[in-house]
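Each of the next two complexes has chain A plus one other chain: chain B in the first, chain C in the second.
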Partner chain A sequence: MSTLRNVAIVGFAQLPVVARDEHRISTEMLYPVVRQALADCGVERDAIDYQIAGSVDYMDGRPFGFVSALDVMGSWPPRQDLHLEMDAAFCAYYAWLRMQTGDCDSALVVGHGKTSEGEPDRVLNLQLDPYYQAPIGLDPTSSCALQASAYMARTGATDTDLAAIAARNRAAGARNSDNQVRSAASATELQKTPWAVEPLRKGYLPPVGESATCMILAAEGKAEKLCDRPVWIHGTDHRTEMQTLGARDLSRSASAKLAGEKALAMAGLSRASDADVVELYATTPVEELIVCEALGLDAKAARPVINPSGGPLCAHPIMSTGLVRMGEIFRQLSGRAGDRAVANARRGIAHAMQGHCLQQNLVWVLGTERRWS
Partner chain B sequence: MKRPVAVVGVGQTHHTTRRSDVNIAGLVREAVDLALRDAGLEHKDIDAIVIGKAPDMLEGVAQPEQFLASAVGAHMKPMLRVHTAGSVGASTALTAVTHVASGLYDRVLTIAFEKQSEGNAMWALSPNMPFVAPLVAGAGGFFAPYCRAYIAKTNCPPHIGPMVAANARDNATRNEYAHLREPMTVDDVLNSPMLWDPIRFGETCPSSDGAIAMVVASEATAKKGPRKPAWIKSGYSYAEAMWVPGRDQVSPRAGRVCSQAVYDKAGITDPWNQIDVAEIYVPFAWFEPMWLENLGFCAVGEGWKIVDRGEQKFGAHLPINPSGGVLCSNPIGASGMIRLGEAALQVMGRAGAHQVEGAKTALGHAYGGGAQYFAMWIVSSEL
Partner chain C sequence: MNEPPQEPVKYVESKVYLPYDYIAGDYKARYLAALKDKRILGSKCSQTGKVFVPPLICSPESFAPCTEFVDVPDRGVITTFCTVNIPVIGRDIELPYVAASVALDGAAISIFALIQECKPADVRMGMRVEAVWRPDGERHGDHQDILYFRPTGEPDERPESYINRL
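So, the complex of A and B:
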């Protein structure tokens, strides 16, 4: 592992998440965050070596939705470029990997998705295999409910446990002006919300919204010049599981567990609880509990602080939700988290996922100090 | 790149109008099994998966790699999904190369596919975009003006497109995997219906079902394999913005920058004489002379003269698309990777009846978007 290069997050910008931005198409939403992230680092676009975008055509309701992002990413003169049909956190992974080859020293990573162009539940149903699973009409809520049932049956977790997790996220999220939902709600209130799909209540589900995000990564030597407090990547890994819901133990996340173990090993950490702050891409309280278990975290412990941003239960900008988790840890560890700052935070974990029932999981271990000397 | 990377296995399906004997997963699995067998490897030997295809709307499945995870052997492995329009197959393979070059992975399986018979590409490629006049004419309608501009700029005579098409059809007769294996003469092409002026039916790629997979590996693991590997000397993907005033759509700057980057890295100063064979992305015949210029094989305005003299034919100075190319097989998302895979097979000496004798250095190339995305590699028989 000593052959790995130190790479840091040096800039991050996002638009506040809204249900529907009526005044801007997706490229117009992306433009200001690209400019802001560059301005925050004090660099000209020409000084960034690589660019990568994350989006899903189906979410924009058209093919090649990412092509127009080239214009606002400043792709002139031509840039070394890639697009992944994935959450932008996976794009950050590839940018990091690319920097490991020594071919480039900095990267611009963007995520964009205009969910209001279509019906996200119907789009996400189309992620399922078209022969057996998609035709029965599963959407994220119903597949999350299957997962919740499996988890509650195995562990004995109750509706009250789920409400407590949701209430903690909602209380934290009230302090985050980028959130779509900015009101606290008590566990009791949330337990009074009606079933979405039993055992999940409406109060335990994320608001789906749209945003645009931009992160700038830089390798050692350049990172310190671009940012007074860069946040260093200590370890990362991602894993996939088969999709078939009936063939997996939905009450656990084997892929999150393996990705977590690999990322922690790369970071030289023996356990995730050594982190000070954690941001999880959990769209339900049950996903939060399952990922915590997979990573070896106690969702009820005071430290590390989990989802001080409010997490996806307060803002779920599809295609950026994972990158926002990284961005939040960057804010926490670089002193940009304002009144939601976790005291003395020096090490954090960011998690991203995609697919039904946590099919693909990505884990980042981040810190204020360079990992390798 | 931090360390050398090689292609150690290639597997492709027969490309055809409709593979009704397999579903999408079956089609993809066929290529994966062939590539693994070719590399003498099993799924357990693979460290990561990189998969690519063109717009999801072509088959109607959003992020289909997720349902294909078991078919490609991605369970509990890292998997990334690439989409860079028509260039996607090539940029997918390059993404796999980065995985190995980084030092973090030793053997990576990369896959690209399209099962066009599952949907309707004309519909999927004819969206009503904000602020753009709807063409409702698919890729041919989009690119016809580019071809007209090339003809106008270079005084290219009208028989050049038909010559390219007839040559591609002739080449494809030697490629057992090609979709269109019926020869066409220049007159046949000239007599075929005009679809989007100046593009005739005979100058147009087919809609194909097909998949390709490759295994790329580090130097040490490549040397252990049963086959002589194809060494990747260089590979880059570049893209450029659409709405740049004065953007040259006939010879896009991204294509010139990208080819220069791969030549520089591979030590190529005279591509016309140093490259033995090239597989380039020609979905409509007129793009062949355009890319000959854009790739620096000749001066601007000279590309059609190479075609006119037949110097790009099989057995001539620089064979272009000895496989028959995209004009004879176009499973869109796979087509770019097929170009790179064919280039690798050529320098491995395993291209079958369309092998270019003594090929040591080959170019694989693809483009996509509004001629905005370019991805290419140079492969060599020598490390």
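So, the complex of A and C:
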């Protein structure tokens, strides 16, 4: 008998991603989303034990901005709370860990960040070391391009391959009303877009935007009361690797590979392709190819369906992009995916990453049935 | 030009430049715009009726939405204060001066305020104060539109009236 607890996603809400919400500050975007997630579960705030938020104050430039989020998370009477300067998917991981220790049965996980108020490229440059990497002005696009060159040199992948991946995401994303970019684009069209940083074209880059997201997690016993079709966590793992780009094989993701293996083992699966649907936090086609390789997936195969939401190439609300991947699998497996539903989806994989060139990777294996009896 | 440094490199100067372009948000935008007209806006909790100044989207206490905006008077009570004896960057005020929390009449929480037109030693909790506004035509819809608060001369309030509005 396993000592792990069954924990499920029981609710998810997000604002449609936009480039800039002129009318709402971060807290004003977050409040309706928290209300909606709770309303979908049919409970008031008091029903949830624990809360955790993912945001970075550098993003919207308000010192202790994460503290102001407490006002709209329902933090009275005093709650157990934590804040991570990471994508909210990593907050979900932390909440899952807390539930494994048995000290809470339910958790509110939120992600927020006004990317339009600051300059994300400048902020994300600060993730690099201040001596060698940050001063030369590396931003996520240029570090992704370094990675793309390394991957293309090793595998022989071409510009056409990248365009095909981007086109698949864009076609799928046109059906998702939460996306910032909702127009399909053919591979031919995308291959005509100018270089951003060669070998990456503008058409292969994500539209950075802003949103607010809220997920509710609950352990067995409580989950069934909050949701008619909970989506159970079968396995999860989080791995990180070196910050120094030059010390890693940028053409591969060792941490995604290991996290995938561990998460699949926890889920009792031998291979990732046993999933029906996969959502990847890949901000470029090359990241998608690298993560697919690491997880043992074929990016061109019809099944599992990869990124039915359109993926980060159609909406990239920094701090929530990873949680949206989990939210999409929740929608797919709980009958909430509408006209983009993947037929007979019973098992899914959600992936989240942080840092330059896939430095940190988090893998979730999710299913419609309880994992442990 | 390209000679090696004579002294070992001990420090790296690394300047961080992060520009921001803030929006006020609907609630604060309405609050700031109203200051131009010498009005102070609060938002009202739909559950408890408590009024928050500046306006909040929801009550941090009840978690219920604050959907209604209400005017509050530009006068209230000093709930707590301190006497500042050191210069503060960006503030050119004769020392010492009093910085106070002022709960405006009808508001459930207090705002920060500069107290002038009285000796710091005369300021006390419970003292009634009123706003002194910038003259007409000089208000821009920001917090500087209220120059400071000054004593009204009314009798002090009793602690019960403001102790939960600090």
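Brief remarks follow.
Quick note on the criterion: the second predicted complex is superposed on the first by the 372 of 373 C-alpha atoms of A that agree within 3 Å, B and C clash if a C-alpha of one lies under 4 Å from a C-alpha of the other, contacts with A are read in each partner's own complex, and residues count from 1 in each chain.
What we mean here is this: contacts are C-beta pairs under 8 Å (C-beta built on N, C-alpha and C of every residue); 3 or more make two chains touch, one makes a residue touch a chain.
Keep in mind it's a predicted model, so treat the numbers as computed, not measured.
In the superposed model, A:S116 makes contact with chain C only, not with chain B.
Of the two partner chains placed by the overlay, only chain C lies in contact with A:P135; chain B stays clear of it.
After superposition on the shared chain, chain A has more residues touched by B, the comparison being chain B against chain C. In the superposition on chain A, A:R340 makes contact with neither chain B nor chain C. Look at A:M242: by the touch rule set out above, it reaches chain B but stays clear of chain C. Contact with chain B, but none with chain C, is seen for A:L124 once the two complexes are overlaid on the shared chain.
Once the two complexes are overlaid on the shared chain, A:R45 sits against chain C while remaining clear of chain B.
Contacts of A:Y58 after superposition: both chain B and chain C are touched.
In the superposed model, A:D103 makes contact with chain B only, not with chain C.
In the superposed model, A:W76 lies in contact with both chain B and chain C. In the superposition on the C-alpha atoms of chain A, the part of chain A touched by chain B in one complex and by chain C in the other spans residues 25, 58, 61, 70-71, 74-76, 123, 126, 130-131, 134.
Against chain A, the residues of chain B that register as touching in their complex are 1-2, 23-25, 49, 54-63, 65-67, 69-70, 74-85, 91, 95, 98-99, 101-104, 124-125, 127-131, 236-244, 252-254, 257-258, 369-370, 372-374. Residues of chain A touching chain B in their complex: 3-4, 25, 56-58, 61-64, 66-68, 70-71, 73-86, 90, 93-94, 97-98, 100-103, 123-124, 126-131, 133-134, 237-244, 254-255, 258, 354-356, 359-360. Against chain A, the residues of chain C that register as touching in their complex are 12, 14, 16-29, 56-58, 60-63, 65. Those residues of chain A that touch chain C in the shared complex are 21-25, 27-28, 31, 35, 44-45, 58, 60-61, 70-72, 74-76, 114, 116-119, 122-123, 126, 130-131, 134-135.
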